[in-house]
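Okay, so chain A shows up in both of these, paired with chain B first and chain C after.
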Partner chain A sequence: MMSFEIAEPQTLSEALALLDPEDPSVRAIAGGTALMLMMKSGVFRPTRLVSLRKLADAHTRIDARANGELAIGALTPLAALEDAPMVRSRAPVIAETLRTLSNVRVRNVATVGGHLAHADPHMDLPPVLIALRARVAVASRRGTREVAVEDLFAGYYETVLARDELISALIVPAQGERRAAYFKCTTRAADDWPALGVAVAVDGAGSAIREARIVLSAATSKPARLRAAEAILGEGTADAVLARAAEAAAEEADVMADGHGSAAYKRQLVRVYVQRALRRALGAPGVNERAQR
Partner chain B sequence: MAAGRKTIRFTLNGKPVETEIANHHNAVEVLEAFGLFGARESCAQGLCGCCTLLVDGKAVSGCLYLAAFLDGAVVTSVEHLERDGALSPVQEAFIEEGAFQCGFCTPGFVLMVEQLLDRCAAPSEDEIRHYLSGNLCRCATYPQIIQAVQRAAEKRKASAAA
Partner chain C sequence: MKTKDQATRQIGRSIPRREAREKVSGRAEYIHHLRLPGMLYGKIVRSTLAHARLKSIDVSAAAAAPGVAGVITAADVRKIIPDPYYGPIFHDQPILALDKVRHVGESVAVVLAADPHLAEQAAQLVEVEYQELPAVYDEVEAMKAGSAIVHEVLRPAGMFPDFKDLAGRRNTNLHLDFKLRRGDVARAFANAEHVFEHTFHTRQIMHTPLEPIVTLAESNGSSVTLHTASQMVSVVRTEIARLLGWPENRVRVKTAFLGGGFGAKTYIKVEAIAVACALIARRPVKIALTMEEQFYTINKHANTLRLKSAVGRDGRISARECEVWWNGGAYADIGPRLTQKTGFTAAGPYDIDNVHIDSYAVYTNLPPAAGLRGFGVPTLTFAYESHTDMIARELGIDPLEFRRKNLLREGRAQATGTVMRDAATEAVLERLAQRMSWNAPFDRGSGSVRRGRGIAIGFKASISNTTSVAIVNVYADGSCTVYCNTVDMGQGSDTALAQIAAEALGIPVESVKVAHPDTDLTPYDMGTLGSRSTFHMGQAVKLAAEDARDKLLALATALGVPVETTPIADLFRKRYGMQAGNVVGVATFNPKSNQPDHATGLAENITPNWMVGGTGAEIEVDTETGHVRVTRLVNIADCGTAINPQIVESQLSGAAIMQYGCTMSEGIEFDAGQATNASLADYKIPGIRDIPAVFVNEIVAARQESGPYGAKGVGETGTFGVSAAITNAIHDAVGVRITRLPVTPEAVYRALRANSATPLEE
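After this line comes the complex of A and B, so read on.
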């Protein structure tokens, strides 16, 4: 690693002032779990790291707003998100997903903001948060804006954020009747990067589905909603409908072949895992769940 | 001070310390500079747990932890578990169960097990496996490690009752 400067601003506005819209070698560092790997491998050679650590006190709160939304500070460690009773009761799928996200040490250090800004398509929370209609608050010297997590990712390891913008919070709306589930499939070892992840959320009681979201990750260059499959669920939750939705998902998914499997294999995984995730979300035990018990 | 360097102050195994670091150093390199070799960098990617240390009471992978982040923190390494020459119940349990062969992974496992038992006094086998899934033992002493965790839980319970 080359020589670089570490700045330690005390406030969000000081941090924003230290970023540089033109210079890709200046970056924020939160937990550093992703950046350390990129620096060690030489993919990223910084001239300045803007450490967000001293902002942690002000940006690690998890608040329930009056309208039922959860507002989660960007520097909240993933482990704190996993353990928060409010998250477990209001969006249990987030806590369930975190259980198998990396390991205890990474979750102790990695932050919500760093997780979302890293934009590695293999990561677990982005598809789940898209299914839950979550959004992020983004700050810059120009002011603040909100971006739906669905619109945050521009491509492989790319977000729509400008170099001088920071995520300040994650907002998860009240889930109401929405039921959600996430599955990932690893093809080598259990803790390997997944060949695919599928998050689903169905809104509506029983078999009357008002809205469904089906989000695919890992097999695609960025998390992607499978809208043809989502539309089919308007017809209900009968087995034949779920099977047709899974078929549509396999057809529309823009899967990539890589070391985790060929495109044809991943298409088959989509077909199987979309059905499993839908069944789990709808409350019937999914096949995997039965197998695991 | 030279560019790319920094002075940090923190509490190391109960004592206040100060040292100069290069900005690109990680926490394992800092411990080594203090003559502490229990945390070792092995996979260098956060996967194996050989480099485990506690920062403000939480386990982290030293290989992925920027040295500068230690400034102001309370840092504990495996060397600090021993008290007045006596090993901790977890350390004793690892020896009694023979939960290692070469011992390279052991400091990391021991620190993780201390954390696990602080969180949950009597973990199930499933909880043990899940909690330790981010620690690798190349000698594959996993069955003995699980027995050691169970034995350590009993030892802690016994000493709490005493």
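After this line comes the complex of A and C, so read on.
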């Protein structure tokens, strides 16, 4: 490891000023759980790291806004998100997802903003947040903008953010009657990166579905909504409809083969887990105990 | 002090492991943490090709890099070690690659720097020019005519006497061919009612000690000291002394606690490189591998195994033919020994009159393979216990009944002709049946969750003709220290050996210290491997402690004081007039056995003892995804007397968890000789959430008469039956037979689809 500069700005604007729009060897570091591994393996060789450590006080709040939205500071550790009563009551699927996200040591230091900005398609929260229609607030010296999590990812380990932008907050809208579920499916050991993640959110009561979101991650190069499957759910929640939606999902998913399984096998997993996730979101009995795997 | 008949009951006590507090509080000593003044770190430059002639190595850019103290190649090594080849069976492995490289990751050069990061950085600047050669990876292919040849000529090491006749053999990758011929197999097959034949495959497994392989070497020019995470300090000393051409007393080898070994830290690993670098650089040099580098340093053999059995109308196996290919990788290491010693048990713990075994050690262009917890037995057991189950199912005989019919029982001859003694095969099988409630109704599941159960039983011959020496030094205050080269690598030997010494001396276990290996002080031992320490070193310590006790008794008699009531300290005070002196007991234990006959593989006394392990598994298969969940795992073992029952149980459970990993998820994947999953992110060992909800580990009442207080080894026994118990249970649940490890969900799902005539596309 060559020597590099580490900056510890006190404020967000100082941090933004230390970033470089052109230089990929200058990067912000929050929890560092992913970046340190990249540095150790030589994939990333920094010239300057901008530590966000001293900004933590100002960016680890979780607030409920008047309109029911949750605003979560980008430096909130994943463990704090997991434990926050406001998150558990308003978006329980987030807390459930976090329970099996990596391990408690990682969750204690990894941050919400870093988790999203890293854009590793195996991350668990992005599909869930897309299903919940969450957005991120993005800051730069040019001001602030909002980006839907659905639009945040440009590709494998790529986001739409410029090099001098930082995620400052995550906003989760009020869920109303939306019911959500997430399945992480691993194929090598229980504690592993997912072979695929499937998040669903279904809006509406009973069998009257107003809108459904089905999001696939890990098996694809970036989290992807399965729109053909979503459209089929307009027809209701009968078993035959769910089966057709699952079939459509398996058909449209652009899955990649890797160490977790072949593409053909992963398509089968998509078929199975889309149905299981929908059943769980819809409150069908007998699926919860199979949550993991 | 006690006389011969008094029992102090140190044996069979579950006293807590003595190092436990040190370990959980982070104070335990490991070589990995050791730093010496002036020390350099060595970073190894590794081959990127599986098989290539070495044309040139340009170290100039690396040598000029900031902070670099030197770059070492084979040419430098040769100046101090003219014949720089090592290995326990063959002198085939160069300290650094000489004429060619034989696997990806082979050590080609070493960059030395005081800062490990600078060494790593500069290592990337070493330019190596190769001329690529055809390579061979598959163990069966490597034996065919026209295959690439890994070593042009075989060079037996001569350390073990039984491999000498292989000297000079040319142009073959087959470097040991063990044969066992018993009875008339051809006739038995010709007369058989039923004949069954099946083939099985396993992949390379990484040992995964959480403390990677590490050696720190220092020299003052006339002697060399190695601080090394090794399971075999005596052998390291002998081999380093041989390489240097020095007497053994100029080589000192020390170790500390090991963060796991499992067979990875045996014989020479990075010791020779570290010594060469330290002598050339004239500074202490530490070579500490990363977890990733371990994938290229040592692994467990991949295997192809073919089994064929003849079975009569009565359900008795009349003949078994076994052909086992061991993929040894580029360097033999201890593989040929394994091929032979484990090979003779390839037909399983069954009473079969006609047995034919061919066990082949084969070179390929992959990283070298060696023993991993079980020395090949778990692989063989996977094959013969799958095969045995498949026969029982085909014949419609209950798998337990079929095993009972054919089991190798006490007093019967094993395939080598050696009569089984103190091997509780029957007790293990019957206890297993009991703990599995084999005769009770079983819930077979419904819908997409199908349940099944399976059993398997395996056995292992203890390593034979090895020696342990122990010294028990009683101090003038009555406390004592055991000096021996057994390495506590997490198996609890410090605790167990202290219990044995305390029992023999009749003193509290708290008064006994077990010194850690330092070859300047501690006497010879073959090594901490093969579950041999409790039996071999345990017996040596017991005999040494008895020797010390006899001397103390003689002293008491000479002093005319009552033997039974005089405290040990008083004997010394009376003898020397003050607290002074020592009484030293010493003993050597070298149980005799015969080598198998070269032509027939037969031997009257093949091993000093047998270890027996059985496993039962209950599993659930998700028929939509192929996921297998083990809901209940039962391990039953014969380890003779348990010196420390709690440690025995944790050895069984630890071994079973390791083999669960080898069964379900582990396997190094190679692409053109390059490991594609060489990190713990992609090579998955079991985690806590993989452990079966019901996990039983127990031993049967048994006694090894030739062992210390009736004890024998237990470190590997929990591995034997795990793989086959699980694959047998999968077959029981869903009717598919997995013959290739690991049992991935995809493999199971594909088998289910193939079974229903709708195979999943590739």
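Rule of thumb we're sticking to: the second predicted complex is superposed on the first by the 286 of 293 C-alpha atoms of A that agree within 3 Å, B and C clash if a C-alpha of one lies under 4 Å from a C-alpha of the other, contacts with A are read in each partner's own complex, and residues count from 1 in each chain.
Following the convention adopted for this analysis, contacts are C-beta pairs under 8 Å (C-beta built on N, C-alpha and C of every residue); 3 or more make two chains touch, one makes a residue touch a chain.
Everything quoted here is computed from the prediction, not taken from an experiment.
Asker: Applying the touch criterion given at the start, work out whether A:29 contacts chain B, chain C, both or neither, answering first, second, both or neither.
Answerer: first
Asker: Tell me which partner touches more residues of chain A in the superposed arrangement, chain B or chain C.
Answerer: Greater contact footprint in residues on chain A: B.
Asker: Is A:5 touching the first partner chain B, the second partner chain C, both, or neither of them?
Answerer: A:5: touches chain B, not chain C.
Asker: Just checking: does A:191 make contact with chain B only, chain C only, both, or neither of them? Give me first, second, both or neither.
Answerer: both
Asker: One more residue to check, A:104. First (chain B), second (chain C), both or neither?
Answerer: first
Asker: With the two complexes superposed on chain A, say which partner A:228 touches: chain B (first), chain C (second), both, or neither.
Answerer: Neither partner.
Asker: Just chain B (first), just chain C (second), both, or neither: which does A:264 touch?
Answerer: second
Asker: Using the superposition on chain A described above, determine whether A:272 touches chain B (first), chain C (second), both, or neither.
Answerer: The second partner, chain C, only.
Asker: Quick check on the output: what are the common chain A residues between the chain B footprint and the chain C footprint?
Answerer: Touching chain B and chain C on chain A: residues 1-2, 190-191.
Asker: Where on chain B is chain A touching in the complex?
Answerer: Residues 3-4, 6, 22-24, 26, 44-47, 49, 52, 58-61, 63-66, 68-69, 112, 115, 130-131, 133-135.
Asker: Mind listing the chain C positions that touch chain A in their complex?
Answerer: Per the touch definition, chain C meets chain A at residues 117, 120-121, 622, 624-625, 627, 629, 661, 664-665, 669, 676-677, 681-682, 684-690, 744-746, 749-750, 760-762.
Asker: Can you list the chain A residues touching chain C in their complex?
Answerer: These residues of chain A touch chain C: 1-2, 185, 187-193, 259, 261-262, 264-265, 268-269, 272, 290, 292-293.
Asker: Show me the residue ranges of chain A that touch chain B in the complex, using the header's touch definition.
Answerer: 1-6, 8, 29, 32-33, 36-37, 39-40, 49, 51, 53, 79, 99, 102-106, 108-109, 190-191
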